[in-house]
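Shown next, in structure tokens, is the structure this report addresses.
As written, the chains take the letters A, B, C and D, and residue 1 is the first residue of each chain.
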Amino acid sequence: MSTETAVKATKYWQGISQALVEEMERDERVVLVGEDVGRAGGPYGLTRGLQDRFGDTRVRDTPISEAVLMGLGVGGGAVGLRPIVEVMFFDFAMLMMDQIVNQAAKYRYFTAGHALPLTIRAMCGAGGHNGAQHSQNIEAWFCAVPGLKVVMPSNARDAKGLLKSAVRDDDPVLVIETLGLLRDKFDVPQVDDLLIPIGVADVRRAGDDVTVVATGRMVDRAVAAAETLAEEGISVEVIDPRTIAPLDTDTILGSVARTGRLVVAQEALAPCSVGSEICALAVEQCFAELKAAPVRVTPPFVNVPTPLPLVEARVPQADTIADAVRAQF
Amino acid sequence: MTLSDSDSPGARPDGAPSALSRYRAMQLCRRFEETVHERFHSDEGVPGPLHLAIGQEAVAVGACHDLRPTDVITSTHRGHHHCLAKGARPDRMMAELLGRRTGYSHGRGGSMHVAIPEIGLLGTNGIVGGGIPIATGAAYGLQVQERDDVVICFFGEGASAEGVFHEALNLAALWKLPIVFLCENNQYVELAAQDLHVAGEIWKRGAGYDVPGVHVDGNDIDAVTAAVDAAVARARAGEGPTLIEALTFRWFGHYAGDKAAFRTDEEVETGRAGDPVARARQALDPAEVAAADAAVEAEIAAALEFALASPISGADVLYLDHQATA
Amino acid sequence: MTLSDSDSPGARPDGAPSALSRYRAMQLCRRFEETVHERFHSDEGVPGPLHLAIGQEAVAVGACHDLRPTDVITSTHRGHHHCLAKGARPDRMMAELLGRRTGYSHGRGGSMHVAIPEIGLLGTNGIVGGGIPIATGAAYGLQVQERDDVVICFFGEGASAEGVFHEALNLAALWKLPIVFLCENNQYVELAAQDLHVAGEIWKRGAGYDVPGVHVDGNDIDAVTAAVDAAVARARAGEGPTLIEALTFRWFGHYAGDKAAFRTDEEVETGRAGDPVARARQALDPAEVAAADAAVEAEIAAALEFALASPISGADVLYLDHQATA
Amino acid sequence: MSTETAVKATKYWQGISQALVEEMERDERVVLVGEDVGRAGGPYGLTRGLQDRFGDTRVRDTPISEAVLMGLGVGGGAVGLRPIVEVMFFDFAMLMMDQIVNQAAKYRYFTAGHALPLTIRAMCGAGGHNGAQHSQNIEAWFCAVPGLKVVMPSNARDAKGLLKSAVRDDDPVLVIETLGLLRDKFDVPQVDDLLIPIGVADVRRAGDDVTVVATGRMVDRAVAAAETLAEEGISVEVIDPRTIAPLDTDTILGSVARTGRLVVAQEALAPCSVGSEICALAVEQCFAELKAAPVRVTPPFVNVPTPLPLVEARVPQADTIADAVRAQF
């Protein structure tokens, strides 16, 4: 992030909110549909004022009908809108899988090249206290589907810039936002049109000894771990992929090839995850350079509980990540 | 866990004439929720979301009071009253909501994940409409086993917009399943009024499947009881499903803490005026009511005491109950 | 692909009086499917599944004949007739079904994956009910853009059991979307009769949502035309959705090759007796019919020739059209 | 597979059929629900005769209502049945995700220990010519869900034995059958009660130089490749995990530790797949022993086409696997 441009402390939810306003102002084809996004201003308050500003047709409250809600995005996008579909909790995407995977993702393929400019905003419950059906990190499912792009902002700048880029993308993009970050503040550069490119990872901290790839809530924990480890003389490079499908393999694997060590930290469970994919790619493509076994730092393979203390007891902390890094040496 | 759920003090007929018994069950739901609501705003608080059904007690009690332990219900995210009416123990419910080791799910799940198969409660649910396919499957299971037990499937008017409601009505009608679809219309869907959610009238949708549709005052315990008893009798007799819409009113916000500021004071006052517990109370002997109220207070006090005396759930509960082998 | 889809010979009114024009469009559907059916059993065959709509032509043509290119439809797994009636080119359709490079999806997709947005065809679909949410979304899109175009959503009576049908009816009614839900009841659902699938009557389900429900003889092109034209006018006028159930008959098995042996010969004979194409023919001047038939034969012959002259799709088509950047 | 017991050449579909009959005979709580499973004898004919034999309540045709169809298994299992839910095409599970992942998989957790003896039989369209919405290998999605077991029989013996074990399991088990194998013949031991244990991999061919882990249709191709390579002096160990969740890591990683080389062959796409998981586990746990980079042999990251020649042009063949093995040296 350039140090010249002025920055402003902005909450994660504000970044999302600003992106929505800017894109709806810029392009009248952009619409927002979802449950309670309009009259109520959104379950998280981040769409407050949008309906007054853009009208109740472009900012539309839907009944609790997830499959058809996603269909609004697919069909609307097919006839000329650039729809943003809000998924109140990422878990509810389980009621939309056919529309996302069988319809939206394959639209360009079936139509032999027609665009489907659909943005799906899903709020991942990680960090909340809503229990096992409202907190699942199922991002890997979508990363395995041709025709879908998947981004996962870990801060307000990316929440804003990636969403704006998603809305302008001519293919379906799934934007996974994180509940546990909504009220956290981050520096956001004050530029006219903040666009974070899809497919480009962010090197949050440069380092030489080990590469830590972290997503979502784990990114700042990885940075904190890196600071601790710096004092111990371990130079950690922290990479936030930001786009998890397609992965920015140049940046990620380039770093691994240089450091020879890889730790992946995520809130998703280990099996068949983005972390699994990054480790598999690293060993496939950087085998000769590896000095230690790439490892994944994830929660244990159990359901997400409701009480916050138990939620945090389950997920990796900065210390957990630091320990995994130390074990590389 | 050594506690037994077989004879819950909650809602089984307790020998008292049933009008009083029903009143007592409603009062138990009311006081239970008022108590957790207070806790929610206390320092220790409740470690999870709370969706209160205060004002909707007559629907749960009218539907469940006369059921057998072997009858089955599915509940929703707003289901404390359903659970208690079906016979859940207030003490273990309270413990679950307060995140205690003695809760029904070891205090891991909280309000939206209370499931007690041994009393026929297949769960509150975090997924709107999530209980509807389960209820339908349970009714199929009862049919296969040739039991004359029944299923009551609770859902809100907002949930009626989910596709599974229609899939279940169609299949239950085709198979003449022993099930009652009970739509608890509390006039609000999350953060807004229901006008955004329901086209036409829900109870009228039965006709399209040759399923009887019934509309009832959900604040009148006797009316709910009569409607459900008839539907249950029909189901036990193998005559198939019934769709009942019970009109009631959500006294508070969507969740504890939500002010539901979009509602006018008049709207709320009018709505609360229909208080089903107060209505039931009027028809009863004040002395009996006083005794029942005292018994409920004692039960609630004991439940809270039990919960607070129980250990707060620690990380060990995270690993329990994922597989038989685990 | 340099071919233009703007002026398809398939179904746009071609100056002839519309009864004849409709007949010609139905005959085109009939002969197109008979032709691919023959190919299916030939040596070269068809490299994918074929679900034939022979006998159902009046539903597709009655619904689509008077539509504009800017109107939108969603089709099903059994949708050749919908595609042709909406203006798909028989030659490129044929090429797609025969796995040729010149097909609408480069011969990769076949019968269940024909989608031609430029003529308002948002696709046949391999997922039963999969087109219903898309149709609803398209209607929303038209409404946002304040176009007076409409959407026709085709689906079978079997598909009516999918939850999305109900979700869409409710939402379309709430929003007064410009859409016609057209249930094409061909009396069979895959490998069995519809008695296993439909409780009550589908067209009656509209009432539960305050949506007009209409029942029509799906083998009578004039009846279908009248019913759909009225529903389309209502939709264009912003008065909201209509549910139409058109009763027709599936002449063949579920897919080409399926004998549907469960059907009695009488059942099939009686069903086929309602032949919508023959019925339409009777009302017309034999000379005009002969001319139309000849024109259709020529068009089908040309389509087949075009397809067979086109290269069989090679592995290169696997990699096309996954992303704008790809 | 013991060489003493008599074997009989049996088609894959017959193995499934036999398992259904045997389990329904054995235990009257076992029921089968699905689309066209009864009157029509199943979309693939493999349930023919079952309804006559067990009645139309225990073998029940459902309307086309996938979400409620899966609910029949969840609710039925909760009140004392041992339901088998047939998913006509694996892709249609996308309409059942909530019932499978949010309800069935978490039933034991929410109820603090109650069993849910649910068997889900899903026919994966791999090897068929039904196109992009009927041929997807989405098994990895389910392997990432606590509370679910996932098995993937590659032959008639396992199709029979794993299904029988699944029906007797007290937790939800997803059995992924493969369309492209239905009519292939395999030797099936003629024993009274053929049970293949869940969680135990099958070493299809012992070898010393390289470990090939293959699933579904890739298993026999891996064996064919191994035979070719044997002539070239390369000794290949071929392992069929059979259960892909939980993985039999003892067998798989034990082999990798011994051979030092790993090739994973699957019909599923590469990203975040079972293959990714196996490679990640191998490098995490066998780093010191690895002599070459573990690799995945998968189709390219594109949709499944309809015409069979294109379907086969897209998926790995024995040669593809053999080449990947040669590249290990």
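Keep in mind that, in the parts below, a residue touches a chain if its C-beta (ideal position, glycine included) is under 8 Å from a C-beta of that chain, and two chains touch if they have at least 3 such contacts.
For clarity, every value in this text was computed on a predicted model and none was experimentally measured.
Q: Between A-B and A-C, which chain pair is linked by the larger number of C-beta contacts?
A: When A-C is set beside A-B, the one with more contacts is A-C.
Q: Measuring centre to centre, with centres taken as mean CA positions, what chain is farthest from chain C?
A: The most distant chain relative to chain C turns out to be B.
Q: What is the distance in Å between the mean C-alpha positions of chain B and chain C?
A: About 46 Å separates the centre of chain B from that of chain C.
Q: Measuring from the mean C-alpha position of chain A to the mean C-alpha position of chain B, what distance in angstrom results?
A: 37
Q: Would you kindly tell me how far, in whole Å, the mean C-alpha position of chain D lies from that of chain B?
A: Inter-chain centre distance comes to 40 Å.
Q: Among all residues of chain B, which ones touch two or more of the remaining chains?
A: Touching at least two other chains: 108-109, 113, 125-127, 130, 161-164, 167, 170-171, 174, 196-198, 322.
Q: Touching two or more other chains, which residues of chain A qualify?
A: Correct list: 63, 65, 67-68, 91, 95, 98, 102, 106, 109-110, 132-133, 146-147, 301-303.
Q: Which residues, counting only chain A, touch chain C once they are in their complex?
A: Touch list, chain A to chain C: 31, 33, 57-58, 60, 62-63, 65, 67-68, 70-81, 83, 98-99, 102-103, 106-115, 146-147, 149, 169-171.
Q: Going by the contact rule set out above, which residues of chain C touch chain A in the complex?
A: Against chain A, the touching part of chain C is residues 1, 72, 74, 104-106, 108-109, 113-117, 122-123, 125-127, 130, 132-145, 151, 163-164, 167-168, 170-171, 174-175, 320-324.
Q: Taking the complex as given, what residues does chain D use to touch chain A?
A: Chain D residues touching chain A: 91, 94-95, 97-98, 101-102, 106, 109-110, 132-133, 136, 138, 140-141, 143-144, 146-147, 245, 268-277, 279-280, 282-285, 287, 290, 292-296, 301-303.
Q: Mind pulling up the chain B residues that touch chain C in the complex?
A: 161-167, 169-171, 173-174, 196-202, 204-211
Q: Report the residues of chain D in contact with chain C in the complex, numbered from low to high.
A: For chain D paired with chain C, touching residues are 35-36, 39-40, 43, 61, 63-68, 91-92, 95, 129-134, 300-303, 305-310, 313-314.
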